[in-house]
Amino acid sequence: MKDQVEPHVTADGRRIGGVLMDLRGITLRFGGVEAIKNISFDIREGEIRAIIGPNGAGKSSMLNVISGFYHPQDGEVWFRGAKRPAMKPFQVARLGIARTFQNIALFDGMSVLDNIMTGRLTHMKTGLLSQMVWAGPAAREEAENRAVVERIIDFLEIQAIRKTPVGRLPYGLKKRVELARALAAEPKLLLLDEPMAGMNVEEKEDMSRFILDVNDEFGTTIALIEHDMGVVMDLSDRVVVMDYGRKIGDGTPAEIRANQEVIDAYLGVAHD
Amino acid sequence: MSADFLYMIEVVINGLMAGVLYALVALGFVLIYKASGIFNYAQGVMALFGALTLVGIMEGQVPFAHIINATFGTDLHQFGWTVPALLAILLTVGVMILLAWMVHTFVFRHLVGQEPIILFMATIGLAYFLEGIGDLMWGSDIKTLDVGIPQGGSLWVENLSSGLGGEDFYGFFIDKLDITASVVAILLVAGLIAFAQYTKQGRAMRAVADDHQAALSVGISLNFIWVLVWSLAGMVALVAGIMWGAKSGVQFSLSLIALKALPVLMLGGFTSIPGAIVGGLIIGVGEKLFEYTIGPMIGGATENWFAYVLALLFLVFRPQGLFGERIIERV
Amino acid sequence: MLYREAGDFKTTYAADSQTFPIRSDRWRYFAVLAIAWGVIPFVIDDYWANAILVPFLIYSIAAIGLNILTGYCGQVSLGTGGFMAVGAYSVYKLMTMFPEVSIVVHVILAGGITALVGTAFGLPSLRIKGFYLAVATLAAQFFLVWLFNKVGWFYNYSASGQISAPERFVAGVAVTGANTAPWAQYLICLAFVTVCAIVARNLTRGSVGRKWMAIRDMDIAAEIIGVNPLTAKLSAFAVSSFFIGISGALFFAVYLGAVEVGEAFGIQKSFLVLFMCIIGGLGSIFGSFAGAAFLVLLPVALKVLGVDLLGWPSSTVAHLQLVAVGALIMFFLIKEPHGLAQLWRVTKEKLRLWPFPY
Amino acid sequence: MSSAAPGAAPVSVPHLLAHNVARHGSKAAYREKEFGIWQSWTWAQAAEQIDALALGLLEMGAAPGDHIAISGRNRPALYWAMVAAQKLGCVPVPLYQEAAVEEIAYALEHSGARFAIAGDQEQVDKLTEARASLPGLERIIYLDGRGLRRYDHATLTSYADVQAMGRASGRRAEMQARTDARTYDDTCVMLYTSGTTGRPKGVVLSNRNVIETSKNSAIFDSLRAGDEVLAYLPMAWVGDFIFSVGQAMWTGFCVNCPESPDTMLTDLREIGPTYFFAPPRVFEGQLTTVMIRMEDAGRVKKWLFDHYMAVARRVGPALLDGRPVGLLDRLRYRIGDLLVYGPLKNTLGLSRVRVGYTAGEAIGPEIFDFYRSLGINLKQLYGQTEATVFITQQPDGQVRSDTVGVPSPGVELRIAENGEVFYRSAGTFVEYYKNPDSTASTKDADGWVATGDAGFIEEGSGHLRIIDRAKDVGRMADGAMFAPKYVENKLKFYPDILEAVVFGAGRASCVAFINIDLTAVGNWAERNNIAYSSYQELSQHPRVLDLVAGHVNAVNASVATDPMLAGCQIHRFLVLHKELDADDGEMTRSRKVRRAVVGDKFADLIAALYGGADQVYTETEVTYEDGRKGAIKATLAIRDAVVVTPARMAAE
């Protein structure tokens, strides 16, 4: 029933490629509770894919499944044309899936720069010994990755807070730093967990701009969760709507707007 | 029944007795941990401090005698009176309550909301402090404590049980003190549970343990509760101190033995009173048995570490302890 | 106030991320090195060596080691004493087994052996966290001490159950054994401290260090951004134990010369080193030195004050010391959880902003 | 690789470049804070970059005489673009980066630029919009491609691509030939004067103008290779062109570009320039923040600061001018330097400043003295675009806040009978581009140029003192001299007052509009716990009005001391409800008040001031940053000021 769309170029000239991630019949239970009920959808290269739904719809659980933090009882996760076996989160990260967190998960003991540098860890290979010596490979690697990170810092316009301890930053900036950390991993798939949560209008606009720019400049595939429908609709190419762990809609923003079930869900029509 | 087996049983029984005392100390930990999330490393030292104070008061010692003498060249040691055990115990309880109040007001009230590990380290500091103070007040020499608890092997049990085995079995040797200890311990636990169940403060205490914010919102004074639990813990410690002290003299090693409560807790889980008791018994029995059976082969004195290694292995397979419930991690 | 940073700009990342980015700090660092290496060896006497400098240096290594584990990787350990013992007994066995091999090699090997043991005891850290782990490490402490006590092989079945260091030479100079010159003791320790400190700094500044700190600050997030908790934690245990092993080896071979495991490496030792880290500052190399210096000097100071000046019995002073240490720990945790290092940082910031308040 | 024989006398900027490559090839020529560190280019590397760009432009068909517009924040690449243009015999035309589209459109149209080099997306957008109306602009070359990926690249090329094209090109000889063909009288650069009135004019400066002035001024202050400047002022402003291109090329010192406007102060501190220029408002702003920050300092620090600043005010300037100072005072000053001045200069990033200049506006004496007393060699100069900056400047040792110094080397001065200042020098501009009339009206046959400022040369010192714009110096009803600027400046010396506009030409008395400084007054309000929700509310708060009234009275008193100008005392004033703003056309881009515009716009207020009402209601149209327009309504209180009669002054 999944609509088969061929690789194409969007009206605003972005390339949408083939299927990057395919979720097939995912079901997730906590004890007796079914957080996700047999949900299937796919994410294509280069697109911005939104997962929306009222609070408690199971969006976050879905994201946790994708990022390998939860392991679904049923269903398969296909990534880049191969079935992904049950993995530890850090292995998933090394596949090229990076994410941000709904309630910010930065490393408060470190500076902004160090936090973003942690995003490069999956790319840094020098071993313990050469790190001990530092001079040579380790130092070189550090400098190279610093250069990458600095470009992201520049991209997200956070030069001024480079050396500030993240603890001291206001909420909006923390969110941006977290995005930077995820970007630093140069992910193939970027997961954003409620990127706009708790932001004022202005911050939301900034964040939307950055999300679009990221997708645009780096061609990064982005899957994001939001409960605020408005933002998502302007942002994303396709939207999955979840409610009570079920998928009640999947399609372009336009289609979603027209979908009666979605409207009900959002107007909170009683569930039988 | 073969004598070996019977001796084995005797070991088990003695283990149970020791376990009761571990449980007693562990109980103190649980009380404080449940109410304030503080893992009170100093519980053992509190037992030592309690015992020292009790002895000091009973024998009418002059506190801080050494310093006073050293500074003023005096030669004070005794007030020259002795205090009856019961009165002394009451006084000591008073001291422990005062101590509880001070500990809370001067230390932990300023650490509310800190990470558990910080609180833990603070209690280590407290342990040092109390040990030092205890020694300064009452001197560090080993003291014998006699509050009139019957001592020595219980003939009654011995005779009663000697019939069980052949002529090479002389019946169970069980120290009366241990029996008393167990009885006291059981009473204490019962008392505590009753207190927690049926008194206003007790219910408040449990409310706090469940949810600080909620407790606050219904107008329970956290500070009061915290002082309360520290006092209770202090008294429990005192009792434990008396028992240990009576058994093996009041000395620093007492606080080390009390350390055993830590593995006990790791088995029982930090939040469950029954856990503490069961854990205590397991450790007590376990280490005695191990020493009795394996000990001789590997040079003995295995009580030093058995409890910890047991707890360690146990934790690796069941991190939340015997009675703790599973935690689902969220992002 | 003392800082003049205008015109002190960086044109490479290497320069920007160096250990002492500010010029004046750099000079101070070189000055300290120069004094430590070029002046003290010539003026040092027996009292200074044995009462202050040598223990200070050795404890610094231990504190750095524990700080890597606890301060940088967030895994609290109460097994330091036990691990120091491993270092001591390893070096003792090596010295007696291979007399011809250089003591320096032995000390390093001892560190390596301790690293292995430490890693083994670190395994539980994958399942258990926080003070559960702290208590679990007590197992290492008690078990190891018991082991070295009971198993004769470790102390070569000496009647006393003690181990005592035979005389060994570095470049023809005795560094262990009865007639070791103070400056020789000092220099060999200084050498190890210098190297250890630099290595520690290098490890904590790069990707390894960031993995540790990520685990410390938020282990779940760390794992999700691609840190393998297994390797991260175990490497921390290994490196930490390596340093602690070295300090243990030096403590026995160079400083004490003869050791009875129970009293030299008991649980008190574990706490002492932990306190050094707390007072000095968790997650700071400088803090490790500060803490070590503080807790080495405190007893000396108290002794001078109590025994020599006030003429109190030394036992009383010893108790007073317990009180002081305990009180200090609580004070620091309340007032400045990040210890002397943080105080230093704050002062420095103030000096940099002077005369402005912020 | 550009090989003008180092021996030959340099006749163009590219020649100077060649010299620098020869003399200081491996010394740093340009630095830019980017990606967290100071990216650096030696003279040799810079030359290579410039050649690459020049060749690229050549490939794209840049012909001699073409104009090449350049707009963006200060960046090495854009400075290179200027030199690259000159290498090809083209004329660089730097534009104000925050200029509005129509301003840009005018400049492009007027200069007939074929190429434009833009810093970033913002500039590209403006240029593209402007371009719609002018087919003349063939290509836009952009530096930072951020956000431009999906733009139509038919007329858009990236800087890097152009350079790549250049590196691949084989027409180096041709480029070199063009470079060598430059003469001393070819056009070096064309700069648009913001012009306080009417359309901006394109000032044409020749190689002679630029090189001679650069040489003279460099010698005057013994600037040399190894000096450091921070290039942060608009590239379209003649000052920046002389400091960052002319003098830099002449002496071979290093030009440093900040990371972004909002990190400017940090970058200033990091670089610690040895040669520094800033308009008075920058120094003013810095001083204000210093004072505000010191307010919160602990009592000890505060005391130290106040005490030693007092010492500095007494001793500092003298020391700086090499006048004799008592031993004890010297000692005190040394201590002060250790405890206060040194750290202060360091935190401000001025500790290495050897030569500092301010100009463009009159600077408040206490501001000026503050920096002097710290031991910063801050001086004033008087100049304008038409003179390639330098007309007069203050030699070391003769520095005062109330004069603008003696004629710069090679400059002749003449004061007309109406008090207007005329000058003639090697720096005198060639012409206004495509505007012979204005050229004629400004520069007479023998090369004398009217500055449009009224002033007089002080007896004795021979220093020039500027009173006001010549055309603004009017007569009052009673024929007394009316010099509004003179009074306004005195007012603006108070940190609380940001801008002041005085009216009174042909009237019996003077009245004034005042703009309060939000930072200073806001902080004052905070300290006196005065609550306010908006600029407007604050501006009309009675106690603020009292504050301002105090300043006005003080100014009146000091004006009265000068019989010639005593008539200019302010009789009535009001505090404006909005800041005068370039976006509303009330000021020029270089933040000079457009008196006429303000006069018309607020005619109702002026009427009220003379009408004697004690308050007036008004509605004002404003333009928001995003270009939308809106109106703000307000009722403004009008206050009377204390006027001193010269007679009484004399009596005292």
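Each chain carries a letter (A, B, C and D) given by its place in the written order, and its residues are counted from 1.
We take it that a residue touches a chain if its C-beta (ideal position, glycine included) is under 8 Å from a C-beta of that chain, and two chains touch if they have at least 3 such contacts.
Source: prediction; values computed, not measured.
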Q: Any chance you could check whether B-C or A-D wins on number of contacting C-beta pairs?
A: B-C
Q: Name the chain whose C-alpha centroid is most distant from the C-alpha centroid of subunit B.
A: D
Q. Quick one: subunit B and subunit C, Cα centre-to-centre, how many Å?
A. 33
**Q.** Length of the line joining the C-alpha centres of subunit B and subunit D, rounded to whole Å
**A.** 78
Q.
Taking the mean of the CA coordinates per chain, how far is subunit A from subunit D in Å?
A. 47
Q: For subunit A and subunit C, let me know how many angstrom lie between their CA-based centres, rounded off.
A: 42
Q: Note the residues in subunit C that touch 2 or more other chains, in rising order.
A: 12-13, 220-221, 224
Q: Mind pulling the residue numbers of subunit D that touch at least two other chains?
A: 36-37
Q.
Going by the contact rule already set, what residues in subunit B reach two or more other chains?
A. 331
Q. Which part of subunit A faces subunit D closely enough to touch in the complex?
A. 12-14, 113, 146-147, 150-151, 153-155, 159-160, 162, 213, 216-217
**Q.** Sites on subunit D touched by subunit A in the complex
**A.** 34-37, 146-147, 149-150, 259-260, 262-263, 266
Q: Could you please specify the touching residues of subunit C with respect to subunit B in the complex?
A: 76, 123-124, 127-128, 130-132, 134-136, 138-139, 141-143, 145-146, 149-151, 220-221, 224, 267, 271, 274-275, 278, 310-313, 315-316, 319-330, 333-334, 337
Q) Can you list the subunit A residues touching subunit C in their complex? A) 67, 69, 88-90, 93-94, 98-99, 101, 105-110, 114, 117-122, 124, 126, 128, 131-134, 138-139, 141-143, 146-147, 181-182, 185
**Q.** List of subunit D residues in touch with subunit C within their complex
**A.** 31, 36-40, 228, 269-272, 290, 293-294, 296-298, 301, 304-305, 339-340, 342-347, 349-352
